[in-house]
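Quick one: this structure, given as structure tokens, is what I'll be asking you about.
Each chain carries a letter (A, B, C, D and E) given by its place in the written order, and its residues are counted from 1.
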Amino acid sequence: MNTTAYLETTAEAEAIRIHDVVKQYENGTLALSGIHLSIREGEFVSLVGPSGCGKSTLLRIMAGLDQATSGQVQLQAGSAANKEQASFVFQEANLMPWRTVLANVALPLEINGVPSEERKARAMASLEKVGLAGYANSYPRQLSGGMKMRVSIARALVSEPKLLFMDEPFGALDEMTRHRLHEELLSIWSQSKLTIVFVTHSVFEAVYLSGRVVAMEAHPGRIKQVVPIEEAYPRTNAFMTSPVFGEKVRLITNTLS
Amino acid sequence: MNTTAYLETTAEAEAIRIHDVVKQYENGTLALSGIHLSIREGEFVSLVGPSGCGKSTLLRIMAGLDQATSGQVQLQAGSAANKEQASFVFQEANLMPWRTVLANVALPLEINGVPSEERKARAMASLEKVGLAGYANSYPRQLSGGMKMRVSIARALVSEPKLLFMDEPFGALDEMTRHRLHEELLSIWSQSKLTIVFVTHSVFEAVYLSGRVVAMEAHPGRIKQVVPIEEAYPRTNAFMTSPVFGEKVRLITNTLS
Amino acid sequence: SNGGSSTAFSPDKPAKVIQQMSWFAQPEMGGHFAALSGDIYKNAGLDVTIQQGGPQISNVQLVASGKVDFAMSQADEVILARQEGIPVVAVYADLQTNPQNLIFHKGSDINKIEDLNGHNVYVATGFPYWQYLAYKYKLNNVKIQAYNGSLAGFVADKNAVQQGYATNEPFVLKSQNVDVDWFLNADLGYNPYGNVVITTEKMIKEKPEVIKAYLKATTEGWDYYYKHGDEVNKVINSYNKDYALDHLAYAQGVAKDFVFGGDAASHGTGYMSEERWTTLLGQMKEAGLVTKDLKIDQFYTNEFLPEK
Amino acid sequence: MMQANGQATTTSVNMMAKDGVPPIGGSTKKHRQLVYKTATPVVFILFLLAIWQLGVRLLNTPKYLLPAPSDIWRAALKGFPDLLQAAGNTFAAALLGFLLSVLLGTAVALLMMASKWIRWGIQPYAVVLQTIPVVAIAPLVVIWLGPGMNSIVFISLIVAIFPIISNTNLGLSSTDRNLVQLMRMYKSGTWTTVWKLRFPYALPYMLGGMKISSGMAVIGAIIGEFVAGIGGGKGGLGMAITSAAVQMQTSFLFACTIAASLLGMAFYLSVAAISHFTLRHWHESAIGSDKD
Amino acid sequence: MMQANGQATTTSVNMMAKDGVPPIGGSTKKHRQLVYKTATPVVFILFLLAIWQLGVRLLNTPKYLLPAPSDIWRAALKGFPDLLQAAGNTFAAALLGFLLSVLLGTAVALLMMASKWIRWGIQPYAVVLQTIPVVAIAPLVVIWLGPGMNSIVFISLIVAIFPIISNTNLGLSSTDRNLVQLMRMYKSGTWTTVWKLRFPYALPYMLGGMKISSGMAVIGAIIGEFVAGIGGGKGGLGMAITSAAVQMQTSFLFACTIAASLLGMAFYLSVAAISHFTLRHWHESAIGSDKD
């Protein structure tokens, strides 16, 4: 049951609006408190913060996977107002052990009733993007940790969502692979006017990828500062070595500590 | 059944010797091929390499959790030749969902028959090291991803092992927490003449922590280069900004690509 | 189960005796319950325990294994047991006439036993009487159906035939307003002694005095039962609550002739004649129930019966 | 955006409002759910009984075939003390049989886990326990254990043990491979691994097996009375059922049958409660906020 | 380090050498294990039979109490055609009963998953199915379905269905919460979630339930024959067993009993094989290299 209220399409380019959200778990843990956030359509927003500060919780609430204890969550799922257009990459890979890699990736298409041939082709294409085309017929248990996460990413991308929630998707990847996927993700994002909410613990990654970085603090989870990264896309390696980059990273790192 | 041959104690300060190890999984994947490696007692060795190159596989074989298809693995478990003195941090947290955080951390002590009081005290101390003393009575499902990994680390440390295998232990942690745990780990390591084999996908981390970095390549998993980091311990933040550090990082990064 | 020497028992130092019944408590076993409730066993120096039976209890094996001293069985069962080499002997026949019958609805087209052909017949699987009757009266077109204790199927099917006991089912059916008629198996020519008390050859050899005392008391019990019917029926009812008192009285009435009629009238209650055992053996051989060569004197003995 | 900013609905309030209950808090919701959860089966059974009663009356089904609930109720009231005593006796035998089957079944499954020779040797034969027609072995059982309670408990045990063995086995062998390796890492002995890891891991499966066995223990006790008699003791529901059948007291027969079912249900619900209580902290099947 | 470098032992060779078999490769090991796995139960049963035979002979246990295996063998040979026919009839009824119980049981469990009202309404009563003493409802069954096959299959179904419902339920409700949320994310409907997620997730549990039911279907068919069977050529093992019991043909009785058990075992092993085949790619209980 998805209790998040979807909004009717309007001219306003707001994709998600969080108003005074509080989340308290049954055992009393106050995971989020007084969260206000508004995300525009087509934006790439990152959430950073210490372990346990409520990043995953906030992401899940945005995606309607969890309910806020109080507060308002409003979602506008893509310009086509098509509810099928959201995807989620969980912090854990969350694959179905009885499905092959290909079948796992094809799952969202299967649910949406895409015909078998097209499904396979698109799943295969998505697997290629994460560099795992050769493992299409393997089972999840035969993959390494990083490979599982990549399958999970391929699954999220395959349905060409308009709204993508990603919870530390690249945390288990080496820098090479990670960088390749950064480029892949940015290219998909820029091509399809996708809205991305991205959780990461790497400030570098957050600054490199996003238009805005939301720095959170813990106990209770709160937004400490929202840092805009004005640098234009496409971003190059030059950005990463630029003073602006270093400055933003330092600013956010200082905010966090 | 642990099939790794343990060696009798000798004066030689060699903790692990890997000779021509090959690992082929049942489905035909050649995960490791021709691996030679010797690790001295008290050494801090890191394994880095692209996702799926066989780091976890090699670590498991060293620890006797998996069997090599061919080749020789020789282990000397600490100077006391005490077989109880090895610990493993898995790539996934691997907690027992029915145990509280405290009971999970106390597990190794419980197995070794440490009395209840001492067990609790030591588990609590270990939890404090990873910053989770406040969650002793929570259940794993009530923790965030990074918190679970930290519990898993606390569990590995609680038995004061002489030999510690860690598979991307800090991958799910934000930089602050990660840095705190780096210091914690290094201090434990230097105090107790512990041998650590450490898998990471962060070259920075590898260079900062280890005495030697083993760079691996994939298809099949092989050792490409072993890079010694001569910098003396204790290492400071100054090391991280030193030219030597940058040089080592660059050297390894280049090796990997 | 009963310790001490066979001769040394008295009311002060009674011999322990266990009697296993063939079914839950019924008037057809009334003599035993009467001897128990009228303290006849006790005065004879016997400490008797009566164990009720049930649908699927193997009495013969129980007595053969020595778990009980006496069990209640049927004469044809004794022959089958001997054929299987089980050393049990009938020492007493509670019923001269076997009350087994075949019941059918009044008004169905059954007039003689051969008419059963073409009908559904509820028979308990494996019972010897049916094999004999089927052979004897060429009941080849009968649809045999397992009888599991419930009369519902019979009542629902006006053409069905139901195995029963003359003492029980007719009364039960009548109380449900079902009009029935029946053939008594005994009248059809198959009349094994009913509710025979069996024991083992070992017991006969080792404790003849106990057997003697037990049977004497049982005979007195039967007399007592028909003198104090109400009292004993209350005892029976306390064992088997579903057997109502009026029903018990009815069954007791029907059973009277079964117990005291026939040879019992002249030779005393419990008596068994060689002639009838011979006839039975012959019938069972004819029907293919007995294939071995068996001796009559293995089956029974009257030697422990009280003098008449 | 259509929804005005000022509108102070919260997501959780929305939830509540939909069901027409004021948003007092989570505990109300839980409480209401409990009421529903209890009321639904009651309503369901009342509905069934009503249909039964009506059907029997309308179709004029003869009482000896299918008595109406009201007939059964009357018969039960009339024979209540007997019914209660019979049910009590069966309860005692079934409870013992069930407890023994849990103990023995778990022990057998653990042994099978601990030694592959035992596992290979007896795995195919454990199933035999439940496929043996009890009638066939009843004489042996009665001869060994005597007619009555002992035999009845034993037969109840025989009938109820296999689901425990089978499910416990499944649970023990489903244990997460990584946790097994963790235990191995700490040089945990076979038994320690079984106790500290495999056993708790298998608990949900075991409890599932116990749910199945609980009803079977009751039916086992009743079958036990059929085949092993009641000895010198007072009979239980098995005797009452047979006797009522022979006497064509169909209403009382149904009363006994329903008593047997209620007994089975009581066993089942107790196990289910224990299961919920044991697993509530960690197992999906007991947390279940997603499904209830 | 004591072990010389030149010594070319490998860890796997060490393994092999310990068991005294040359290190030809993994497949030999697997093959050998299969041999052990098959040989162990055979050796075990032969051992048991030998003890039985010897025990009976030494203790001079009379045949009518406990026949020796050789007696049973002789009786089986003598009555072989009857035995075969009886077993065939029972097999047919049990197979049908089993298949129906799998279909219906799964369907009921799925319904219970799909609607909480159904779940709350019937959960407590499903257990009643297996606690109803069959004798009580047999007349109704026979009147509705007629004596013989139909009724027997129905009774087999009644007896075997609960473990399927119960275990399937357990499996369906144990499904990983994160995967459920994943499906929700993709706006998967209730049924799609059930088919694509909960059902496969529950498969190991279901197959576990089927393992339990397989034997129960056989015993259910036999009980069915007790209460609803018809005589003559169509009688199954239930008839044969009752008849042998009444006529005190203990050896043949045991032969029939063993035939029933073999039938149950055949069912069980088939389900176990299907289970292994279905789960071999992914479920711990079927991968199991850690335990075999």
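Criterion: contacts are C-beta pairs under 8 Å (C-beta built on N, C-alpha and C of every residue); 3 or more make two chains touch, one makes a residue touch a chain.
None of these values were measured; they are calculated from a predicted model.
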Specify the chain most distant from chain A by Cα centroid. C
Leading the contact tally is the pair D-E
Based only on mean CA positions, could you tell me how far chain B sits from chain D in angstrom? 47
Distance between chain A and chain D based on Cα centroids, please, to the nearest Å. 45
Roughly how far is chain A from chain B, centre to centre by C-alpha average, rounded to an integer in Å? 29
Chain A to chain C, mean C-alpha position gap in Å, rounds to 84
Residue numbers of chain E (touch at least two other chains): 65, 135, 139-140, 143, 176, 226, 238, 242, 245, 250, 283, 287
Mark out which residues of chain C touch at least two other chains, giving numbers and ranges. 56, 58, 61, 65, 148-150, 152, 156
Among the residues of chain B, which are close enough to touch at least two other chains? 92
Contact residues on chain C for chain D in the complex? 20, 24, 49-58, 61-62, 65, 67, 148-152, 155-156, 168, 172-173, 175-176, 240-243, 247
Going by the contact rule at the top, pick out the chain C residues touching chain E in the complex. 56, 58, 60-61, 64-65, 77, 80-81, 84-86, 120, 123-128, 143-146, 148-150, 152-153, 156, 289
The residues of chain E that touch chain A in their complex are 176, 178-179, 181-188, 192, 196-197, 200-201, 203, 281-283, 287
Would you pull the chain A residues touching chain E in the complex into a rising list? 1-2, 60, 63-65, 83-84, 86-88, 90, 92, 94, 96-98, 107-108, 110-112, 139-141, 159
The answer for chain E against chain C in the complex is residues 62-65, 135, 138-140, 142-143, 147, 225-232, 235, 238-239, 242-250
